[in-house]
């Protein structure tokens, strides 16, 4: 029982990380039909700079931690915005080339990170509370899991509220349905593109700082390895569906954790298998729009 | 045959002949090759160029001919390298039967993964192929049964490999083998492109519904191209193992697929010779940039310059972005417009076709 | 073997619902071999949907489709095409980056068989290519063989579609608005091309067309569709005189 | 009388490399409703989309004397061109109220006018637009354009596929709107054209082949038949095709 609960909590924590990456990917794809390969780099950069700030302050203090989280999100948003403005926008509506540009960017940035911070992982630490555990139903759950899950839920709620309650949220929802008609109402839909990139980048940067606490280190490839699972999550959840991304994040992470523990470390294969099954049964994903 | 075909055939034969006699000559290309062309160092580099040219050719077949943007092509390359390595280590087969067995295995893997991936197209296809390759990469790193050597990689077990293909002194033979492989790959790709099934795959790239309405199955044609592409890629992998005397997990990773994509886009999507040139240039650049990165000139630069310049992948990534932004047809496209031969399709339009077909109607009223 | 009395195309009780909407309802139609049928009807009447169901692009929720006496209701698009069904689309849907010759050649090689073979190589002098060139000459595109199909004018694209249909050797041909977007100068030539295809190939043709003069000049019978069903099927003269048709369809404009 | 509100000279347009409009020229007077007529597929809708910048276009388009042919779509709209597309194109997963709010461009949108013309929409403001009937969706589409003080409206087949009663309602709304803003109307229903339109341009084969007062055109039956085909109100059903 306690193992089950521990796996559940760890899986949910991992799912929360997946969601922080996948939410941005899915929003960007839904609105712009661009698969952003550079999303992992937003995450990595957020993690590195967040850690750098924490180190300057006091990594074990909550102030330092909060500062690192804020810096991570801010850096992610900033880099994503620049990416959209400088690299994506000039290729307006040339989706495949936009994807290629993000591929090039991920190559270049990972190399740059390696140049700056070295290829080895930097081990990090945060406030002592994060490393302690809390007993739940007999299981000792590391506290950082709770924090990560709480943050992901907050982000989900924030994005939903933003999409439902604000004008720009409305523009984004409308744009996912019919971009041309949004422009025909006199709205510059490209601003919504930039905004979606910024939001996705912020979530990824935030996810980067949290992921570095979850795994206990930062490295130039941190983002890339999470990105692949986030891709799988977005396909399984249905490209462009935020709810789908949330549900699939949890499903995929839990499946991975349980398969790793109970089926001899086969988690990654089980996920790829699940992906294949979803594609065979429902190519549009569990919550995706079925093509007309 | 038309006259232009004879010209290109003649040109091809001339180039291959020249390359074939290269190990017997002493040509110096300062800044590109580490030594005269008869030295093992130069031949090793040239052979590596050919490995990647082969891989790029196979990938161009997927993207250029079939309009399939795969992010999992490394799986078949790595399958060839690891497959041969494992067969040589675990069986008593001699080299050539082992190669045949490896290629058959890779063919089977390509058939199964292709059959599933081609259920979707466009970006979802890219993501699914990526996931499959990732599974392969995880498998290799996990080192089941000690088969793959994990992160350390697998070194070539030379017991059953002919002595003529082992050791630095025989680099020249490996070079000739590499040249033969490129020629075989080129002919295979040419064969598919010229055959009926290749024509149907190209037609499917443009308009799937129309292909079906004519009584043909786009799925079958694309799967065929995908499988042949996978087989040629695994042939490149086989060569890689022999040339490098081993293989590392990077040869199955997503990074390699991205690298191949860079080569093909650099050369010009949809152009066979463009893919070869792209593969060669990429390999040479990578090599030279790595040397440059460690040079004193770079070391003495201020940090802000020396950090990025000491990372070859940074420069290549940036170069790639520049090509996509400013040179959509790649080298082949630039050459075509340079020679004023605008008739054939450009890489950019081929890429458009690789996009999800539904999205091109974004301005049309929704049903 | 089918008897001479077997209709080339027979649809019975055809219905199609998408969500709550009824697109087709109780569509019955029997088309004799070798006949030339016009399909008319107002906006949203279901003409293109009927073509889509017959060619297999859309699946009906009820009813059957028989091609030359054979039930093809559950058959996928490509197998129906092999069973002798050819069609054009409302908006020209060619292979825009392939040459004009290649567009027709692919169709011709289907007719000759072995079309997905990796061991056969299209060549300048082979049968399929010769056929393709011949068909292109017939429709008046003999001088555009090497152009990319995408650069043709609208009228030329329509002619190319007809050349493709000729090459497929289809027994039953569905033409969806072949005149749409064709300049008035080209209409006469195109309708002559269609007429000669019908005459030479002896195929059965169903044609949706809003250009009434063209339609009436070509067809033997007219089916009138209205809100998802066929309300009349008769000779052009009888259709023009039919009071139901008048009120349902022609009424407002006269 | 002032000059035309819209002038289109030698307009051509292409979509996905296919030319859909070739060399169209016409003008729209500063008052009343101008109808665009022609058979299916001649490029009426494409002409409107080209003016809006939704299709790639070449040629000269001026709005009240100012060139707008180089502007992206949202700028064209911001200059005061309202657009009611064919097939309505409401955002089906947004509520009626959200659809309308999205369209508001000025600080004080003309909500009273819209509420007066379409009382039905007030009652259904929190309903998802996708669940509305075709007629109600058309009202949303019209309301979106009428909320702002536009200088010109482009309205594409507003009565397509609607029941006769709704057709009248839509025509009423257009008539009311036309008192304050000139309208370029693509319409297949000749009764509606007869009732609303002052001028008419007829497009065939991608070009304008006739431009005259609508009444004169429609009175000449032989001409109508030649230019529009016998059954001018027929229309393709491509919506059902996908």
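Note that the chains take the letters A, B, C and D in the order they are written out, and that residue 1 is the start of every chain.
What we mean here is this: contacts are C-beta pairs under 8 Å (C-beta built on N, C-alpha and C of every residue); 3 or more make two chains touch, one makes a residue touch a chain.
A quick note: this is a predicted structure, and the numbers were derived from the prediction, not measured.
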{"item": "Chain pair whose interface holds the most contacting C-beta pairs", "value": "A-B"}
{"item": "Reference subunit C; chain at largest CA-centroid distance", "value": "A"}
{"item": "Inter-chain centre distance, subunit C versus subunit D - centres from mean C-alpha coordinates, in Å", "value": "32"}
{"item": "Chain centre separation in whole Å, for subunit C relative to subunit A (CA means)", "value": "50"}
{"item": "Separation of mean Cα positions, subunit D and subunit A [Å, integer]", "value": "43"}
{"item": "Multi-chain contact sites of subunit B, meaning residues that touch two or more partners", "value": "363, 366-367"}
{"item": "Touching two or more other chains - residue numbers and ranges from subunit D", "value": "54, 85, 89, 239-242"}
{"item": "Per-residue overlap in subunit C, given as positions that touch at least 2 other chains", "value": "96"}
{"item": "Sites on subunit A touched by subunit B in the complex", "value": "29, 33, 35, 37, 87, 90-91, 94-97, 99-101, 103-112, 114-116, 177-180, 224, 228, 231-232, 234-235, 239, 265, 268-269, 271-272, 275-276, 279-280, 283, 291-292"}
{"item": "Footprint of subunit A on subunit D - complex, ascending", "value": "52, 54, 72-74, 77-78, 83, 85, 89, 91-94, 98, 101-103, 105, 144, 148, 242"}
{"item": "Subunit D partner contacts - residues on subunit A that touch it in the complex", "value": "167, 170-171, 173-174, 177-178, 180-189, 292"}
{"item": "Complex contact set, residues of subunit B against subunit A", "value": "69, 116-117, 119-120, 123-124, 126-128, 130-132, 134-135, 138-139, 142, 254-255, 258, 261-262, 265, 307-308, 310-318, 320-321, 324-325, 328, 348, 351-352, 354-356, 358-359, 362-363, 366-367"}
{"item": "Of subunit B, residues touching subunit C in the complex", "value": "191-192, 194-200, 202-203, 206-207, 209-217, 220-221, 224, 343, 345, 349-350, 353"}
